[in-house]
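For reference, the structure I am asking about is given below.
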Amino acid sequence: MRSAIDYPVESRPAPEPQESPSGQRRMTLNMGPQHPSTHGVLRIVIELEGETITRAEPDIGYLHTGIEKQCETKTWQQVTTLTDRVDYLSNLANNLCYALTVEKLLQLEIPERAQFLRVMMTEFSRINSHLVWLGTHVLDIGAMSMFFYCFREREELLRILEFFSGQRMMTSYIRVGGVALDAPRGWEKMVRKFVEVFPSRVDEYENLLEKNPIWLNRTKGVGYISVEDMIELGVTGPMLRGAGIPMDARRTEPYSGYEKFDFQVCTHTDNDVYARYRVRLSEMRESLKIIKQCLEGMPGGAFQADAPKVVLPEREKMKTQMEALIYHFKIVTEGFRVPKGEVYQAIESPRGEIAYYIVSDGTSKPYRLHMRTPSFGNLQGLSPMIEGALIADTIAALGSMDFVLGDTDR
Amino acid sequence: MDFMILSLIKLGLVLFIFMTALAYIQWIERKVIAHVQLRVGPKRVGPHGLLQPLADVIKLITKEGMVPSHVNHVFYYLAPFVAVFFALIPISFIPFGQANVKIPFTDITTNMELTDLNIGLLLILGLSGMGVYGIALAGWASNNKYSLIGGLRSSAQMISYELPMALALVSPLLMLNTVSLRELVNGQEGFYFNVIPRWTIFLMPAPQILSFIIFMIAAFAETNRVPFDLPEAENELVAGFHVEYASMKFAAFFMAEYANMVTVCSVATLLFLGGWHPIVVPAIGDWIPALVHIGGGAICLYHGLVQPARKWDNITLPVFGVAFIGAGLLFCIPIVQQLLAPVFWFTAKLLILLFVFIWVRATLPRFRYDQLMRFAWLFMFPLALVNLLITGLLVAATTN
Amino acid sequence: MDAILFFLFATLTVICAINMVLQRHPISSALSLIGVMGSLAVLYLLLGGEFIAMAQLIVYSGAIMVLFLFVIMLLNSGAEPKRNRHKILLFLGAPLLVILLGLVGYFIQTQIPANEMVKFGSWESGPGKPAFGSPQNVGMSLFTSYLLPFEITSVLILIAILGAIVLARKEID
Amino acid sequence: MLPLPPGVPTAVPVTYYLILSAILFVIGGAGFLYRKNIITVFMSIELMLNAVNLSFVAFAYKFNKADGHIYSFFVMVVAAAEAAVGLAIILTVFKNRQTLEIDDVDSMKL
Amino acid sequence: MLPETVLSHADAAAVEAALPGAVVEAKHEFHELTLVIDPARIVEVCAFLKHKQGFDRISTITAVDWFPADPRFEIVYHLQRTKDWFRLRLKARVNEEIESACSVWRGANWYEREVFDMFGVKFANHPDLKRILMPEDWHGHPLRKDYPVHGYRYSYSNE
């Protein structure tokens, strides 16, 4: 079937069973696409010598859904729901990035309340994503119970997300021009309850893991990859911060009002699985700090920009004012138009740098929408990380990367 | 009565109780782990999921036995049988009560065990060493790379951990000067100052707490339990050696694992925890079984009648409560007390050790392969040797 | 009863031994050998060698053969291919082996009186005198009259461990 | 004890054990001579050692002395040492030549 | 000649000074600097930017298909400098073939494979140019504008 490729590509010759220096025969192992620890349908072709990995080649694309192509056929606000499906564990970061990109093209001013709501919800989804990561990562290393403890808090988080947006996972809460709905009545109480409980829960995770010598043995010094390699290969997010590079778009290129918040960019210098765990754990605390600041300083006012051509009018106005009804009709039927141009906007998702590159030709649909997803870049760093490690270390290293296959394959 | 017929009756009884217990250990494990993990565990089949093991067994038996086409058929079928065979045989040497018990209303006297071997412990060691063949063969015959790695891991792991295990066992043998399981327990009878039982872990001149711990750790490795469950590590090797097995063949491995658990826990009970001897002086100790049962029944009644948490609790819990209290009252009858109190103590100690196994499974992560080997050879093995040396010196210094 | 057990396990032993030689795949051979060893352990028990039977189980079946199995699985070599170039040697060697067997059998029959029956449990034991072949009995001789050879075997094992490590160790880069 | 019909021997003489040992030894020898796989050859040696062990134990019974047991114990120790070193050698041979056939291992030096 | 708004930027000026003629066109809008590079000199410019100007990160490489136009594809590179987190966009307009940037940033590997997979743009001297997201035996390149959204294999008209 190779001839089916349109262009004659000089393909690399198939790797022969190689002789190692010690002469032992190597075994090729297909890890995935159905393997419990590849978190989805990642396939890694591993060459083993005993239990040591001599070569590893990730093979992605099993979850390719063609979202970029679909986006070209949807109107600007329909795309929002597609961005949810890219990284389904931190969908709000994708929403936010998309909204920011389009707003940059539209040159919209976003009211402060909307910005605060966006920040708060994005931080919620960051905690959510880190919790899922922590649970599954520890499960990979063999401890079952942690998974359930993490999902206990995640359940509370999802309840909050549902309270705000009506949806648990695919919230589509952040829209172009603001957020979908204003914060519901009584949200402060719900969020405050979570904010009060959660720090003790993080301490609990820390207690459970930090005092466990097996966990420390399994994570410390495992999954090392040099900083130069990481930057070259496009690894971002907690992995890079675990190596001591304070690359965090919230700080380096502030967006959506992050400059107003007081938080630390968590770094760690050990550059191993343990460091990434530390970074994510402290990031949960920092996110909580941001949420607390949102809770205390939530401004009043509108939750959507004053842009009638872009933002759907309120229900009340639509029913009473002719003009609003016309705008509503136009936005819903043909969508709003976005001026010609191209924009690149990067934000910090729980997994690293997420960026949308949008080319508009002035119509009501994106001409080209490219997603720079963190998992794709991070997975490039897999091979140098696990070559020379043991199978068990591969699992730990894979888990520490925290990739989402939907995010990788789009 | 004829020796053969009596043996067959005992065999049937023990086998029935043991097999049921194996299924219910699974239920206990699921319940305990569920409660550790903030879940409720099985509760749909029967009250509190008590019929779940039955449902599981029916499901596993009636399930289609898938056999992949690429396996080595002879060894693929042989492996689960080997595993179960070597896991079940040791049960027949394990004494669980006193010798020469007279069964009430008859003039039969018998031992509370299937066979009394004067080399019982050695045989158990030998058979547990054979248990690895089931796993290694399954791993090899499945003709799957994951299962092959699992089989390799398990054979290396079993050889490595058998050493500290055997060395840990030698110290109590040294002190009690026998290898017969029954005599080992008999040697642990009595109390120091009427308080501290003369179990091997407290026995002068060299209390064997260290070798008890070493034995338990090695037992975890020998039974492939967390944190040493590398042969079947589901996150690395999918399911390791039994990845290609389904239905009863899979259940056979499962059963073998639990039977092995019961065996090692029994050995630990017999060797280190004084077997069927009570934890306090018999004058009090004989009444503890009744007390425990009546207490448990009272708790059940309270929760069932006063504070029913779930819908059916006001029916199911009182039934359990009455049953427990009835058992407790049964333990007050002198004949029954004499007959069953040792069995109660043995079972209680066994269950506590099994609970430790389950507890650890819910708590600890898994070792890495090289760490596991290093732990066995660089930590456990020298420690067991040193312990043996010290015990030997102390025993030599105190005798004659 | 003794005779039944003997013939049962003797047949099993011989069948397993022949199977071991005939099987082409090393794993089948190894398993047959394990069968031989297990049956031999029962025969030892019949002969009153309790300790040695257990040692057979623990050392031979439990350790040495696991090592064999481990190596066979590690190398993962397939079945031995059929070769026909040694037919002539088969015709030369087989009669010799049969002759050897015949000679040994003849000598055994003539030299050793066949009237002495093996009775399981015929050895006497008492409080002072441990049963023949029991761990106490073997241990007593091992640590008194055979102490020096025993110590020497420990040196032998040490040397074997060192040798195995030196041979099987991966080259250090 | 199960009642046995008359005529069935209840016991066997020691010589039977010795003959069994001889049979096993011969089978092991045949394996040693005819098999070409190093591991099988090695296992044939183990079989011969086992056969010898059986005769040791049989003689121990005949003379009612534990010395035979001790000899077979030493044989086991030697077999264990031999297995460790021998399997290490087999591993090395396989590493260097990728074969387990004795006939292919016919040169001293690669 | 490049516009003033762009030349006031140090990096653009440096590229123009060191490699005259390499930058075909440039613009600065939405606070984003874009340089359109002569496709024949793309690796030269990339190497200069990485080694002299310190753009050590390649954020992403993608392409835009301006279907009827000629040259048809616009390859877009997004670079970032980790020193001051400054971002730069490079563009090269090509028809189906361009030099690979893998020799400059190893991380370009997968992005170029993705562009090849999705647009069919070949990258010369790429170490391992094969499909990455689509199956190996897939027909066509999905993100091209002349590729139907539902693919070639299935169309509603056949029903």
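Should a chain be cited, it is by its letter among A, B, C, D and E, assigned in written order, with residues numbered from 1 in that chain.
The working rule: a residue touches a chain if its C-beta (ideal position, glycine included) is under 8 Å from a C-beta of that chain, and two chains touch if they have at least 3 such contacts.
Note that this is a predicted model, so its numbers are computed, not measured.
Enquirer: What is the touch distance from chain B to chain E, in steps?
Expert: 2
Enquirer: To reach chain E from chain A by way of touching chains, what is the minimum number of steps?
Expert: Between chain A and chain E, the shortest chain-hopping route counts 1.
Enquirer: Which chain has its C-alpha centre closest to the mean of all protein C-alpha atoms shown?
Expert: B
Enquirer: Counting only C-beta pairs in contact, which pair of chains has the most of them?
Expert: C-D
Enquirer: Could you give the separation in Å between the centres of chain C and chain D, each centre being the mean of its C-alpha atoms?
Expert: Distance between chain centres, rounded to whole Å: 5 Å.
Enquirer: Using the average of all C-alpha atoms in each chain as its centre, how far is it in Å between chain A and chain D?
Expert: 64
Enquirer: Rounded to the nearest whole Å, what is the centre-to-centre distance of chain D and chain E, using the mean of the C-alpha atoms as each centre?
Expert: The computed centroid separation for chain D versus chain E comes out at 72 Å.
Enquirer: With chain centres taken as the means of their Cα atoms, state the distance from chain B to chain D in Å.
Expert: 36
Enquirer: For chain C, give me the residues that contact two or more of the other chains.
Expert: 51, 63, 67, 74
Enquirer: Scan chain E for residues touching two or more other chains and write them down.
Expert: none
Enquirer: Sort out for me which residues of chain B touch chain C in the complex.
Expert: 75, 118-119, 122-123, 125-127, 129-130, 132-133, 136-137, 139-140, 148, 151-152, 155-156, 158-159, 162, 166, 179
Enquirer: Report the residues of chain E in contact with chain A in the complex, numbered from low to high.
Expert: On the chain E side, the touching residues are 29-30, 32, 34, 56-60, 62, 64-65, 76, 78, 82, 85, 87, 89, 105-107, 109-111, 114, 118, 120, 122, 127-143, 147, 149.
Enquirer: Chain D touches which residues of chain C in the complex?
Expert: Those in contact with chain D are residues 1-4, 6-7, 10, 13-14, 17-18, 20-21, 26, 29-30, 33, 36-37, 40, 43-44, 47-49, 51-52, 55-56, 59-60, 63-64, 67-68, 71-72, 74-75, 77, 80, 83, 86, 89-90, 93-94, 97-98, 100-101, 104-105, 108-109, 112, 114-119, 123, 132-133, 137-138, 140-142, 146, 149, 153, 156-157, 159-161, 163-168.
Enquirer: Over in the complex, which chain D residues touch chain C? Could you list them?
Expert: My answer: residues 1-2, 4, 8-20, 22-31, 33-37, 39-40, 42-44, 46-47, 50, 53-54, 57-58, 60-62, 64, 66-67, 69-70, 72-74, 76-85, 87-92, 94, 100-101, 103.
Enquirer: For chain A, which residues count as touching chain E in their complex?
Expert: Listed in rising order, the residues are 1-2, 4-7, 9-12, 60-61, 64, 66, 68-70, 72-73, 104-105, 229, 231-234, 245, 247, 252-253, 341-344, 346, 353, 355, 357, 359, 367-368, 370, 372, 376-377, 379-380, 409-410.
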